[in-house]
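Dropping the structures in below, format is structure tokens.
Common to both upcoming complexes is chain A, partnered first by chain B, then by chain C.
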Partner chain A sequence: MTNSHASGPWRALRWTVAGIYVFVFAPILITASVSFNESNRSLFPPRGFSLRWWDRAFSPEWLEPLLFSLQLASLTAAICVTLGTPLAFALTRWRFRGRMAVAALTLGPLMMPALVTGVGLLQLFQIAGARGSIGFPALLAGHVVISLPFAVRCVGISLQGMPHNVELAAMSLGARPWRVQWEIVLPLIKTGVIAGAVFAFVHSFTDVNLSIFLAAPGQIPVTVKIMGFLEFGFAPTLAAVSVITLVVPLIVVGIVQWFFGLGDFIYGDAR
Partner chain B sequence: MATRADRPPALALKGIAKNFGAVAAVRGFDLDVAEGEFVTLLGPSGCGKSTTLALIAGFFPADAGEIHLRGKHVEGLPPFERDIGVVFQDYALFPHMTVAENVGFGLRMRKVAKAEIASRVAEALDLVKLGGLGERRPLQLSGGQRQRVALARALVIRPAVLLLDEPLSNLDLKLREEMRAEIAALQRRLGITTVFVTHDQGEALAMSDRIAVMNGGAIEQIGKPADIYERPATKFVADFIGRTNFLPARVLARAGEIVDVECLGRRFAVRDARAGVGPALLAVRPERAQLSPSPDGLDFEAEVAQVLYLGAKREVHLAGPGGVELVVDAANLGDGAAPVPGARVRFAAPPEACLLLPA
Partner chain C sequence: MGTQAGFWRWAALAVPLGVLVFFFALPNALLLSASFLKSEAAVLTDELTLENYREVFESRLFRGAILRTFVVGVGVGLLDVALAFPLAYFLVRTTSRWKGVLIALSLAPLLASVIVRTYGWYVILNRNGVINESLMGFGWIETLLRLMPSTGAIIVGLAHALLPYAVLTLMSALNAINPNLERAAMSLGASRLRTFVHVVLPLSMPGLIGGFLLCFSIAISAYATPAILGGPATQTIATQIYVNMMTLLEWALGSALAVVLIVSSMAVLLLTSRVGAKKAAP
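Now for the complex of A and B:
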């Protein structure tokens, strides 16, 4: 039995998987190594060793957009689960008029390029004469629109995975509706809510397609700042900043995974 | 029995009805359950038994009728104000709570003091033989243990009525038979009024004080297990509970409790209180039919089609006149006298084994 794993299609599969890993990790490793260049240019393999690009990456010029992105992503995640949890409830539990429309509007941005949403929102704010809200308010609105589907899907999956009849059982034991929600439903969908928040956070933090239209001077997410900086060529500073922006979501996922366990959600098979 | 009649029934349904769209799931029937009684709603899937249970629990409102619990109208009350205990088919335990927290949930909702909750939970767990497992989680338990937790959780609140919705159908056969004896014993010991829903006639016969056989959203017959089995009122009941041979017959005349019956060319007298003169259905249970002649009862020739050896008995399948299929249970008397396929035998039954049903 074990022999068959060493030959034929299994070997091909192994090489394919190895290839995928190389394509995923090689650019990250190259970028990371470039950031330690002694040279002024982004050379690979790096020449010498220096931390000066990292020093620059932690200067206010880059820390400010990074902090801005963190705030934006955190607030986006909070709003997404606050709106998304009741929305997921309505969509999975109730059959009401316009349910399909609500589902399409909520989940639609998953299918639509964020770029289109960005252009649309920019025009909307201009037509509505709310140019002043371009910047943080507009970014927040946009990020909520494109990140909400993740929260709704995650909570929806937990709701569907809930054991049948537990709510009826709680009610028959004397629990009033809000107690049923608080003591039975919420604990059972907790992982979904947290996973939704994490996905929304990561989606917002890494977005550039939408943010590029809605950023304003002094209110620039780090991704947009990186895009702008690219016009001047790929300086090693950029490599350092890229690594930072990669590590932030990983830390968030790691912390949440440590405390709550998102394995089920990240690898499918939600229960 | 007299004392039971003096008190109001623990549970009374009056003209209870429920439609789902155009489908009448429950069509307006009455049912009284006495204090401490074990009543089973028995029927095939879709007969309305689970809907009836959900109406008693208050999981959705009835379209018509009244539900009285210990003399109090409850049809307008939500489930959390009804004083009921429910055991679900899938147990519906709270997976994020320990066994003790599951069992104590109903007491906590009733704002019982912590110390009393602890002692009553321990007592309830001992009752279902789960003492010492209070700190486990439901997912760490076997199916049978989960079922016991569900039972303890419903019993610990000492509800006016215990509702059991096919609680045994997720267990394997051996465990199911064990649990049905145990639940029946527990119910009798605690004297708790119980409504049990099942499609399993064996469970119904073994556990119930009375069985209500349901069909098409109404009660077809209600009575003690022996009455339901020995004296089914309709073809549906006779067919659903146990096996029955049905033969076309005709009631020729009645003289008091005795009627004159004609069936497949044979005329004989049967004791019967209900049947009117005219066409009828003659019902004979396989275990009461015989392969040897009956001088004063039903008796005609049939051909052996198949013989199934079942150890304690043989199930003899016959082809009667006009190809009618019949079954006779022949006890294994150790004399090796087994009929063989193709043999011509008698299909016979003494008058007391013949039951008349409306055609």
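Now for the complex of A and C:
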């Protein structure tokens, strides 16, 4: 295997792959460097060096939507694993009538464009006369719905990897069903629950397609706020804010990866 | 299972299912019904009509948007598969000790919001962007190129945003191919290129098709990238939905456009699962 890797075609492939990595990271690195511009235009390579755009990125104008997104994504993640765990049990363990319908309803938001769900929710809240709920409550409902499939999938993957007879063993030793769930099953699927929460968090934090329909003045996720600014102009402040919004999910995933490992779930997700 | 166990199970499912019915099924049903309602001066009436769909398929603006959306979907799908295939093949077959890091790096862009990545493309493609400035700097062009707003810019930006999905799909397809098949072909005298064309390529067909369809279906419903890298002359279904829902308040038309999007996206995903089923069969 190794000697064939030294051959010409493999070397050509390596260069192709290096080129693809450049394509993948160039826009992100360029954005990051633009934020240090001295001029007020998004120039690359940056002219001069200045931190004033970063200073502005940390002003309340941008910190507020950032904090709003953080709250929204954290709450979304918590609700998603709470609602997703029973659904994952139902879909991987239980045999019951209506299982297909439950599966379709659970994974539906993954197939339906988020934009469409956003439009539908906007109509629902308007027609129900709950116009005041547009903003945080509507965003939370939408984000929970579109992020739920990720939580269900991750918990489902760890349930599949768990031997079925641990529950039977615990029960045969006299444990009550709820005790089996709480003390045996839950610790065993912990990684799945955490991975599900992380994916739900990231999905919520990075969403634009649904959020643009449900944001309200003063209750705007940072991605929608950036989107709104992009239509008017492209001051380097936006580059700085973009980098901050990139770093937040990176830190979350990094921490969780360090303690628990997420690899299995990313792969499981692809299948 | 006794009826009591059955009761507790449905009780545990009641809240999650309630949330999904109320905030997912119901809004989509509303949307579907709104697309069949007559709208007068941007207010929905009770009258049933197919007028919205007629307008969607007959107006030049909407037909152009639908056509462009499909061009974008196909372009993004092809570009992503073309980029993801060598990358995924390398990641699956490499013996480098950096394999794990390289895989993580190829998926890392998923952590950045589409907005962040599209902003990078704006910096590269705009009038005074990286490309124009460097071409002028080298003296290769006389006048600045108009790279955006354009359909091409939308395709490149979206392909960049969706590449990790194609990589994931192709990696799981390529992982399923036994490397011994390649070794066998080569030990029988086939060159690396011939092995690739006659062994690897046919075996990875389901992954290629699956990756293409997945990127296509996500691309056609993307809003942010077409809105930033496109302009009034390069509308897609998604940007038209936004304009009709939020600016013009033409909900009926917006809903009809959304239904067109749902039907296209569902049809493609159904096709994907058919391909997937074929892959699973031996």
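Note that in this section the second predicted complex is superposed on the first by the 257 of 271 C-alpha atoms of A that agree within 3 Å, B and C clash if a C-alpha of one lies under 4 Å from a C-alpha of the other, contacts with A are read in each partner's own complex, and residues count from 1 in each chain.
Everything below uses one rule, namely that contacts are C-beta pairs under 8 Å (C-beta built on N, C-alpha and C of every residue); 3 or more make two chains touch, one makes a residue touch a chain.
Computed from a prediction, not measured in an experiment: that's the story for all the values here.
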{"item": "Partners on chain A (chain B, chain C) - clash or fit", "value": "fit"}
{"item": "Which superposed partner A:R179 touches (first chain B, second chain C, both, neither)", "value": "first"}
{"item": "First (chain B), second (chain C), both or neither touched by A:F96", "value": "second"}
{"item": "Touched partner set for A:P187, first chain B, second chain C, both or neither", "value": "first"}
{"item": "First, second, both or neither for A:F205, with chain B first and chain C second", "value": "second"}
{"item": "Which of chain B and chain C A:V166 touches, first, second, both or neither", "value": "first"}
{"item": "Which superposed partner A:T117 touches (first chain B, second chain C, both, neither)", "value": "second"}
{"item": "Which partner, chain B or chain C, touches more chain A residues", "value": "C"}
{"item": "Chain B versus chain C as contact partner of A:G48, first or second or both or neither", "value": "neither"}
{"item": "Apex chain A: angle to the C-alpha centres of chain B and chain C, given in degrees as a multiple of 10", "value": "100"}
{"item": "Partner chain in contact with A:G84 - chain B first, chain C second, else both or neither", "value": "second"}
{"item": "Distance in angstrom between the closest Cα atoms of chain C and chain B, superposition on A", "value": "9"}
{"item": "Residue numbers on chain A that touch chain C, as the complex places them", "value": "1-2, 4-5, 7, 9-10, 13-14, 16-17, 20-21, 23-28, 30-31, 34, 41-44, 83-84, 86-87, 89-90, 94, 96, 102, 105-106, 108-109, 111-117, 119-124, 127, 141-142, 144-145, 148, 202, 205-209, 212-213, 223, 226-227, 230-231, 234, 238-239, 242-243, 245-246, 249-250, 253, 263, 266-267, 269-271"}
{"item": "Touching residues on chain C, where the partner in the complex is chain A", "value": "6, 9, 12-13, 15-17, 19-21, 23-28, 30-31, 34, 83, 86-87, 89-90, 94-95, 100, 105-117, 119-124, 126, 128-130, 133, 160, 163, 168-169, 171-172, 179, 183, 186, 192-193, 196, 220-224, 227-228, 238, 241-242, 245-246, 251, 254-255, 258, 261-262, 265-266, 269"}
{"item": "Touching residues (chain side chain B, partner chain A) in the complex", "value": "57, 59, 78-82, 84-86, 88, 90, 92-96, 105-106, 109-110, 153-154, 157"}
{"item": "Complex contacts: residues of chain A adjacent to chain B", "value": "163-166, 168-176, 179, 184, 187-188"}
